[in-house]
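You will see chain A twice below: alongside chain B first, and alongside chain C after that.
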Partner chain A sequence: MDIDRLKSIVGEDYVREDIADLYIYGSDASVHHAMPQVVVKPGSIEEIREIARYANSEGIAIVARGAGSGMSGHAVPLKGGIVLDMKRMNHILEIKPEDMYCRVEPGVIDDDLNRALKPFGLTFPPSPASSRIATIGGEIGNNASGIRSVKYGATRDYVLGMKVVLADGELVNLGARTRVEAAGYQIHRLMVGSEGTLGIIVEATLKLIPLPKFRCLGVSTFDKLEDAGNAIADIISSGSEPSMLELMDDIAISAVNTTLNLGLPEVEAIIFFEADGKVKEAVDFEIENMKTICEKHNGTITATSYDAKERTKYFSGRKKLFAALSKYKEGYACTSLADDMAVPYSKMAECARKIHDIAEKNGVIMTAYGHCGSGVMHTKILMNPNDKEKWEGAQRAVEEIYNYVDSVGGVTSGEHGIAISKAPAWKKARPDLMKVMSKIKKALDPNNILNPNKLMDAPDNWYTATQIRYDVKK
Partner chain B sequence: METKNLEVWEEEMDICIRCGYCFEGCPIYKEKRWESDGARGKVILAHGLLRGDLKPTDYLVQKIFECSFCRDCIERCSANVSIPDILSAARADIVSNGYKNEEHINLLKKIDETGNIFGEKLEAPYKEGEIPVLLGCRLLERKEDSKRYIKMLENLGIKPQIYDETCCGMPYAVLGYKDDFAKQQEKFRERAPQNKMICLCTTCVFFIKKKYPDLEAIYVIDEVYKRIFDIPHKKLGMTVTYHDPCNVARGMNMVKEPREILKEIGVELVELPTNGKKAECCGGGGGLLVTNNPLAEKLALNRVEQALKVGVDTLVTLCPTCEFNIKNAAEKNNKNLKVLNVLDLIAEAVS
Partner chain C sequence: MDIDRLKSIVGEDYVREDIADLYIYGSDASVHHAMPQVVVKPGSIEEIREIARYANSEGIAIVARGAGSGMSGHAVPLKGGIVLDMKRMNHILEIKPEDMYCRVEPGVIDDDLNRALKPFGLTFPPSPASSRIATIGGEIGNNASGIRSVKYGATRDYVLGMKVVLADGELVNLGARTRVEAAGYQIHRLMVGSEGTLGIIVEATLKLIPLPKFRCLGVSTFDKLEDAGNAIADIISSGSEPSMLELMDDIAISAVNTTLNLGLPEVEAIIFFEADGKVKEAVDFEIENMKTICEKHNGTITATSYDAKERTKYFSGRKKLFAALSKYKEGYACTSLADDMAVPYSKMAECARKIHDIAEKNGVIMTAYGHCGSGVMHTKILMNPNDKEKWEGAQRAVEEIYNYVDSVGGVTSGEHGIAISKAPAWKKARPDLMKVMSKIKKALDPNNILNPNKLMDAPDNWYTATQIRYDVKK
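Coming up: the complex of A and B.
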């Protein structure tokens, strides 16, 4: 690796090769860890093009990294090489309220963009839970979405176009600035969710929508998990338009109550439902409809409110769930494994039960919660991360859960992407996809330098794919 | 490297899910912009030291010590991980393994020799009274101010006992000198006339609350808040901005009290863009003033510039170290900002 050459491209201040930096940039929010050889912070498209030309000629891996908040190992450099820290390219280039789009550099943070859009009454709505630090480049790479995806969809629904540096350094301008486009391959759409394996996103044109004027949150408790699952399926099939539909199971409720003392009712399930819009009567209509459906399925409505403070209070149990799970049991850590599968609505309750059974059988703790309005079931595996036996149990649990998800027509990842952690299960579930994806990869990145060994090229065993970031003792 | 201090924190490091929320507001990250400068990066380094993956090189050690312990990371953490405690343990292990920093050693030598961070014989304005009052090194050095603050306590109906105090030991603890801290703790306890005291210094009070479970440290602002509304006082009729010290807002959850006191004594407050629990750190804590003084000054200058931008000519704060650091940054950079302690205003109001 010619570090001096990289320094000459971006300047000495923007290159780090000390082991301390490499160690940090070898990690993200997944369980994996692998070190790059150098970290570079490019400041311009031209610099990225030059880095790509150099890396491509030498066969050196490039991993573009945003906030490093991915949970499946997207930013973990499996083949070493160069990590491109894109956070320096963090400028909002243009906001065009009259045309309802904006252009941004990839390192712009989601919340920063939404703060800038607010005075115009506009929003970029995918907002994953990590929007406070997640970069737009990372969100596009991962096709991120969040709690309101049931109404607003995922990042892919808001990417009109982008500039991408290809593996050989070529710069291409993809997509358009218009709402519709019927002009050739929709390659910008292919880039969304490609996890940095097809190109380096250096600019994005994003569709914007108006901010809703009214928002109302409702809470319903259920003595039976199955009733909650049926209510979710019924709400969606009734044609209702929730802006959020969240489920918490009894383990999640217990975790929040135990660690944060929130005093949530100890029932088998809680559903949080929300509607928003420009006209209050329309929001009222949606809320009433969802209340009626919850009650029809033996739910008890414990609260509804338009008030922002009250909504925050009611939702705090769900919002703080992650913190609660992290401190659920002494000696246990909350690991990002089997954490975001999606299943058909009608299978929500069954899926939650299945998760509990599989966890118990394999000696780990798992909870079920998530954006059920979008079919996303979030889980986390809680276990002593230093205990090798627990990891063996976790591996079995992960495999069994994904086998179940596949058997009911679900998908390995609804939100967090495939990268390393989910690749084995996904490859097993979708063998038909692998060949065509490999052909696309080969066409755009023949030397396999862009985030190599991810997705279809990832190792078949996620546990041995990298060093596990926890100190696993025998 | 031996890691007996870090071993205690292994579970806490495992609880960290590396979401990265902590570098959103990290003052050091915001200034330097490498992930190794943010809280998550530093926890990963500490974990690397514990696992034996990393060695305490000068570069790594500098990263571990470049933290102002502002606790912003704790506020933002998904999992409530106590990051400053992890870094304190890392610092203690690094020092136990022979790391020496001349600036740190000089500072601690001063405390060894004189009982205060200035290395000078500082005489307290002794006074018989009912409740011991701890001034703290920085106020002990500001003799005239101290006298006014003592008078302020008297005017509030408190009978302060001023005694021959010594440093609470915070610098030893944050700079990783655990054994020396234990010795200083002994000295501090020996000097304390009672097992409770009113503390004027925010750093001391927060530290004593945490590290001396056998002592009752009462923060002066709690006492003022209890009394100010019921005793006659002047309305000062001035406009200021208020810098929330990290130990006060985040450490002791005290956000409304200083604001209500200022309002009560006729001081109009113009808020800084970041305030309360989300207030930016001035860089004065965690030993950063000695580890990387220019960086501490730069962070303080950010606060100075923010204050001027909100259109005031006076910034008040509660922490004597924040006050020193911000005032120093304003003076060195020729910024026309007056920096005062809230106690100055209270003292004037009740005089």
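Coming up: the complex of A and C.
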């Protein structure tokens, strides 16, 4: 690695090679770890092109990184090489309210963008839970989505176009600025969710939509988890259009009560339902419909409110759930080994119960929660991460839950991506997809420099084949 | 070509080789023509795989064809070979109202699908104007959209997954059945709009949405075309959410009045605006907002109605416009040489005027109309198709209008695809895209058998390089 060459491209201040920095850049929000050789912080498209040309000629890996909030290992540099920290490129280049789009650099943070859009009455709606730190580039790389995906979809639904630096340093303009387009391969759509393996996203044109004027949140408790699951399926199939439809099971409830002292009722499940819109009567209509369906499935409505402060209070348990799960029990870690499967709505109740059964069988704790309105069932595995037996139990549990998900027509990842953690289950479920993906990868990155050893090229057993960032007493 | 082999695959009844059939299958709704060597009508995925394996081993072209309603030459077999008529595969395989999706064979007709969905209160909303005959496979191949794309988007927004036969006969399952997904390359998204050049779509899983309960249409006339264009831009940037927002200019009005005797007011422009939804108050709100904006831009509201029959009556001029344009003047043809550009909303008024100016300068008639709410400006070139000079004028007009579209950040095709007709302008506007597309094409279809000589491989000047289906006195 010619560090001096990299310094000559971006400037000495923007190249990091001391061990502490490299160690930090070896992690993201997943359980994995690997050391890069160098961290480079480019400030322009031309710098990125030059870095790519150099790396491509030498066969050096490049891992483009936003906030590192990915939970499956996207930003962990399994083959060392260069980590490209994109956060300096954080400019909103253009907001065009009259044409309902904006152009941004990849390092722009989601919440910052939405703050800038608010005065125009506009929003970029995918908002993953990590929107406070997540960058647009990372969200595109991972096709991120969040609590409002049931109504507003995922990142893929808002990327009109982008500029991408390919592995060989070529810069291409993809997509358009117009709402519809039928002009050639939709390669920008292929780039969304490609996890940094096909190109480095250096600019994005995003579709914007009007902010809703009214938003109403409701809360319903359920004595039985199945009732909550069935209520969710029924809400969706009734034609209701929630802007959010979230589930929390008893483990999730207990976690937020224990760590945040929220005093939520200790029931088997809580559903949060929300509607939004421009006209209050339409929001009322959706809320009434969802209340009725919850009650039909033995739910008890404990709150509904249009008030922003009240909504924030009611929802705080769900909002802070990930943090709460991380502190569930002294010495436990909250791992994202199986964490964001999606299943057909009609399987929601069954899936939640399966998660509990499989966890119990394998001696770990698993919680069922998430954006069930868009078919996403979240889970986390809570365990003592220093105990080898727990890792083995977790791996068995992961395999069993993904076998179930596959058997009901679900998908390994609805939201957080494949990267390293989900690769074993996903490769097993989709062998035909691997071949086509590899052909495309090879066509666009023949020297395999862009985020190598991820997705179809990730290890079949990362537990034995890579480092994890806990000290496991094997 | 081993016709007997093809007969042994699909059965003798489903292979056509007589000259009359071949001639018919040499055309679609474009101006182009080319003779295939044989027409094959497969009935199953396995048959298609076998045909692909044979064609791939011999380097024979395959053009998969739905209704042939494409206007840019998608289904015209420029390299001869096999036309694969997909219309036998017209089964709706599954409608899952509880999971909000359906699975269909590619030959299912759009209107047939929507008729089958109606009892469940569901719809597949892209509806191009040709929905009476267009097949789902063709709509996916072309990323079709239509009058409601301003609210509901294009086909790309509704394809959750698909089965595709690749050039080598491999069958792959792409995408998922769930609403969100972040599990590997979104190759199904790449297939949407790839115009039959990357794979043969043999099954699709489509996202469904609830049918709206209320729908209200409004009509506004304008003495000045610019006022109408500005009203459209203002409606969109006001945050209004029309379910339809259509423009017709004076030429379009005159065409429907002359040929259909509709008695529309002979003004410079008419806007049709529509809102839909579950709650009447919300629809009223949108309609009132759009009325106010039209009036602010000197529009006169001539009708608004919730009544289905009245709406059909008011809208019939727009609905039948393409047919009317085809009969605009004795001996004239309505050609789709430049016909569906998209421009940013703020350029709508200017674009409409440009179309008229450029037409006049080049001695042809061009009309400005279309789904302006989603940024699509339609035009058609009306001329005597037997006159060589008119073709030359048309070609100059096409070049000028696309130069303009490119200069304002627009896109060559918003809706009807590139295929042959739009290729010259599009290739000129997007040279960087060509290289990436060619890499992907080569990776998935190395022998170039799938719909060859289209898109990036289409002739730079189809007028001299291919046949057109009119008798031009050169």
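One rule holds in what follows: the second predicted complex is superposed on the first by the 472 of 474 C-alpha atoms of A that agree within 3 Å, B and C clash if a C-alpha of one lies under 4 Å from a C-alpha of the other, contacts with A are read in each partner's own complex, and residues count from 1 in each chain.
Here is the rule we go by: contacts are C-beta pairs under 8 Å (C-beta built on N, C-alpha and C of every residue); 3 or more make two chains touch, one makes a residue touch a chain.
Note that the coordinates shown come from a computational prediction; the quantities given were computed from them, not determined experimentally.
A.B. asks: Scan A:Ser69 for contacts with chain B and chain C and give back first, second, both or neither.
C.D. replies: first
A.B. asks: Please indicate which partner A:Ala282 is in contact with in the superposed arrangement: first for chain B, second for chain C, both, or neither.
C.D. replies: A:Ala282 contacts chain C only, not chain B.
A.B. asks: Looking at A:Val436, would you say it contacts chain B, chain C, both, or neither? Reply first, second, both or neither.
C.D. replies: second
A.B. asks: Mind telling me which of the two, chain B or chain C, contacts the most residues of chain A?
C.D. replies: Partner touching more chain A residues in the overlay: C.
A.B. asks: Once the shared chain is lined up, is A:Gln186 touching chain B (first), chain C (second), both, or neither of them?
C.D. replies: In the superposition, A:Gln186 touches chain C alone.
A.B. asks: Looking at A:Arg5, would you say it contacts chain B, chain C, both, or neither? Reply first, second, both or neither.
C.D. replies: The answer is neither, since A:Arg5 touches no partner chain.
A.B. asks: Both chain B and chain C touch chain A; at which residues?
C.D. replies: Comparing the two interfaces on chain A, one with chain B and one with chain C, no residues are shared.
A.B. asks: Help me check something: in the complex, which residues belonging to chain C touch chain A?
C.D. replies: Counting only chain C, the residues touching chain A are 96-101, 121-122, 142-145, 149-150, 153-154, 156-157, 166, 170-174, 176-187, 189-190, 192-194, 198, 210-211, 233, 236-237, 239, 241, 277-279, 281-282, 285-286, 340, 342-346, 371, 374-376, 409-418, 422, 426, 430, 432-433, 435-437, 439-440, 442-444, 455-456.
A.B. asks: Once bound in the complex, which stretches of chain B touch chain A?
C.D. replies: Chain B reaches chain A through residues 10-11, 14-15, 17-21, 23-24, 33-36, 40-41, 44-45, 47-48, 50-51, 53-54, 57, 59-60, 63, 76-81.
A.B. asks: Where on chain A does chain B make contact in their complex?
C.D. replies: Those in contact with chain B are residues 16, 18-21, 23-25, 27-29, 39, 41, 67-69, 85, 87-88, 130, 132-133, 322-323, 326-327, 330-331, 333-334, 336, 385-386, 469-471.
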